[in-house]
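Chain naming follows the written order as A, B and C, and within any one chain the residues start at number 1.
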């Protein structure tokens, strides 16, 4: 150990050296999951440089409707302004930094800071600030704008100054998701599963189905993704059915080194459920009215990824949205949102408990798995092992992640 | 990002650069409220270099009476010695560092360490240490002395080797506070309001009344400080009444760049309550017997500050003492002590609940405000905004703080 | 404070400077008990470079029997393999690092990772890993082996690549402990006393009896170690009795600078109980059947230390095993294991509550003492004081510790 500035007890320098030494196709070293400095860097460089799925337009139906979305130390106000446009602002007062909006969701005419009553328009402009003297120019002190992209009703935000250019990718994706009528969805249920692990271990868990067979018996009963051989066998019949019900069968694999740009990944692939399963249900039966323009179920499920952080699982009758929200270096919320056809009525057209059963039990499994993964990775003796081919999704994630670090 | 020693991932260097770049009249950057290294530095350089209000002589009425005062990792024994002098010692055994005194307050003949029974006199001298060999000289191992200044019964301590010279300031202050008979006070009630925020945000909250009108409706009903225009209107009649009841009307504004020395600030200013309010009560009526030599109430309240960390609000019939004790980087105790005339009897001359009502509800508000302030300041997107004129007290605090860092 | 790379805000450099400046015969400075970087270093350099007492062979009676032993972020599987040999493996999957074994103890035929089902033999060899491609060589990915030494039934492990050579020391020790029949012991009770203090303060507390007289009245009633003068007076009669019951009276003082190698300390010394005490009991009477080949009690107790981290107190009828497990920088588990003759039956030959009384009450005292020690040591004003002669054990510990840092 030397006393040079790059001596190995500088956590950021250690991280840089590890990035240089990283061996493609292997897991990441301990340091990425145990260092506070790396965690800070993750938030600043990766999360704040990415597009993040914040919610759905159905949450803000009219001018003044808003909701908060938060991760790490960040909070964002997503609001429909007077011109009916979805906007987003950093939820930080331009005066001395208080949270401006304290309610999780609601309808507002303005946002008035609870500390000194600086008051902002729905579009973020500073409307009033008492006694700030004559030199003060209100137009300099609007809420910091946050970038917004609304894709078929899904709202993505980015606090980056220059977010990853994702518009071409979304254009490419649009015809594939169009039949699902994503814009007309409504949220049926939301749940959060806190796990004492670094956010990357939670995301990695979602990015591979190598663990499905040993770890998720309920999922594995119905989803062929758990076994590539089964999937190959079942894929052609699925494609036929997909076309019949009105779904294109194209795929998009723009991830990792194939992504148009780091963290601008797009992935779209529909895979077969096992015979007898119309959707991701316990019984095999549908759980809710068909989505969008579908004429029937096709017995498939789409793995949809928009940017590396945002995952959607699209059945014929509902969508399960997954994100992994960092709370601290080793605290992560696995957040799941179930969405159904906007016309569906709870109690009549779907039952909340039945609808959410599969991914509730699966997430409980995952919480346990991810927790034990963190415990082992925290060992000073951990040496990253080789990824299985089925773990290509993790490799793709690392590609973008390590590029942005 | 460079690899030089001043590379931006050295938290103390970041702090130094920020001090250099600080823009006068603006809030402090995020780093000052989120860095463990800055917090450590705050304790060592600022708190341990300051005078801190520890308590009142009425707490230690006779030789051997003592109480503990603690902040951050420090604990100080404040004790009246056999010669009737108020002394203070670091509550750390000179052997292997155990806390010596474990009781919050009481009466002692000696302080005997609970670990190995090293025993100290009230004046800190080591009286006994078993089996330490012939080379051991007890006179080398007394408890470390802590500086003490008693000002009209208020006990201030400083663990600094050379505390800020404050005697001239206290001499200047003495005739202004003399009529309140501070030495004859007694403690009526103490309360602590823990807030998950850096101590500076809690102190800053107290240092300005720009937030009073929007945030504290109870306070604002009675205290004209919330509106400088009202204050100007009411100040001359107050001065007349003050003189009539026996109070000088001088003011002292030795704060910030006007302080004789950094962290040796003194501030004394009496401001009007609104008509109908004799004191800081809900009803407007007095809450306790008049203080000291006052012949009547004057309808005013004195903002008194002795050093930047110690704040007192002096009504005609009681005093509210405020301090903001750091517990960890983002944990602070808002400590309030209510004092009344030493002759007053609880239940007869004052009612504890009525007495403490105003600053209890106000502190509950403040806890919420300060918490939300920390949440927003923790955002990587926070950019310090301009201070209002009414926030001059924060500016003064920053002046001393940044000088000492 | 300079801006050189060795500037004093580099925690590891501060530690190195303090090691250089360390004054023999004095306590360690604050930094060793308050720095996260030092704690990490302690685990990597000291704990992971030492022999640690993991358990007893009676816990794994047959092939496949296993138990987990963990400290800091490490977890070790101790298992009896098919060839009846005690083996130990790092409990970290060679794939992506999950804990492999989740049960505290039990019997296994293989260890199958709960994440992706990589499956390991009892001897650690990787037996199965699905779909890893043709390049994958299972023999490269066995569980990392952990060194094992079984000494008269006591199992020691070390995760070091080259653990301290301790075999000569154990050979020297063997005849002294042989009469106790350590191999035939069984565990009567285990308990854990969490203390909010750095592990070194907990260990130091055990390493000296200077605190026994003032802090442990129950222990001091029966154990002459609390007073060297009493011990000297009683030692010769004890030696006579020891020889009569079949115990050698040699002693081994290979600790500190007299240790054959740092952290390869061995200490064996039998000291007298006070008259009327046959063992460490409240009544003075025996608590369990005599150990091993002893023909009678001798009224003594052996302080036995194997490596600086592992302490055993051997009475004529039971053994109390002590270790101080780091959980975080200021969280330590005081772990105690009571062992008795393997033939003894609970309820018949011993009563669990009576057996454990002394070291239960003593450990409750110690928890309090150690906690207050940490509180005082955390003060920025703490200056390490001189050690008493009775604290030579701490000095010995520092010798090895500072050498390995």
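Worth pointing out:
In this section, a residue touches a chain if its C-beta (ideal position, glycine included) is under 8 Å from a C-beta of that chain, and two chains touch if they have at least 3 such contacts.
It should be emphasised that the depicted structure is a prediction, and the values quoted were computed from it without experimental measurement.
Of all residue numbers used where chain B meets chain C, under half belong to both copies. The two sides are thus made of different residues.
The angle of the rotation carrying chain A onto chain C, fitted on C-alpha atoms and rounded to the nearest 5, is 120°. Once the centre of each chain is set as its mean CA position, chain B and chain C turn out to be 46 Å apart. Of all residues in chain A, those touching 2 or more other chains are 5, listed in ascending order. Those residues of chain C whose C-beta lies close enough to touch chain A in the complex are 5-6, 10-13, 37, 43-44, 48, 73-75, 90-100, 102, 112, 114-117, 129-133, 136, 141, 144, 159. In the complex of the two chains, the chain B residues touching chain A come out as 1, 3-5, 7, 9, 27, 30, 34, 204, 210-211, 213-215, 228, 368-369, 372-373, 375-390.
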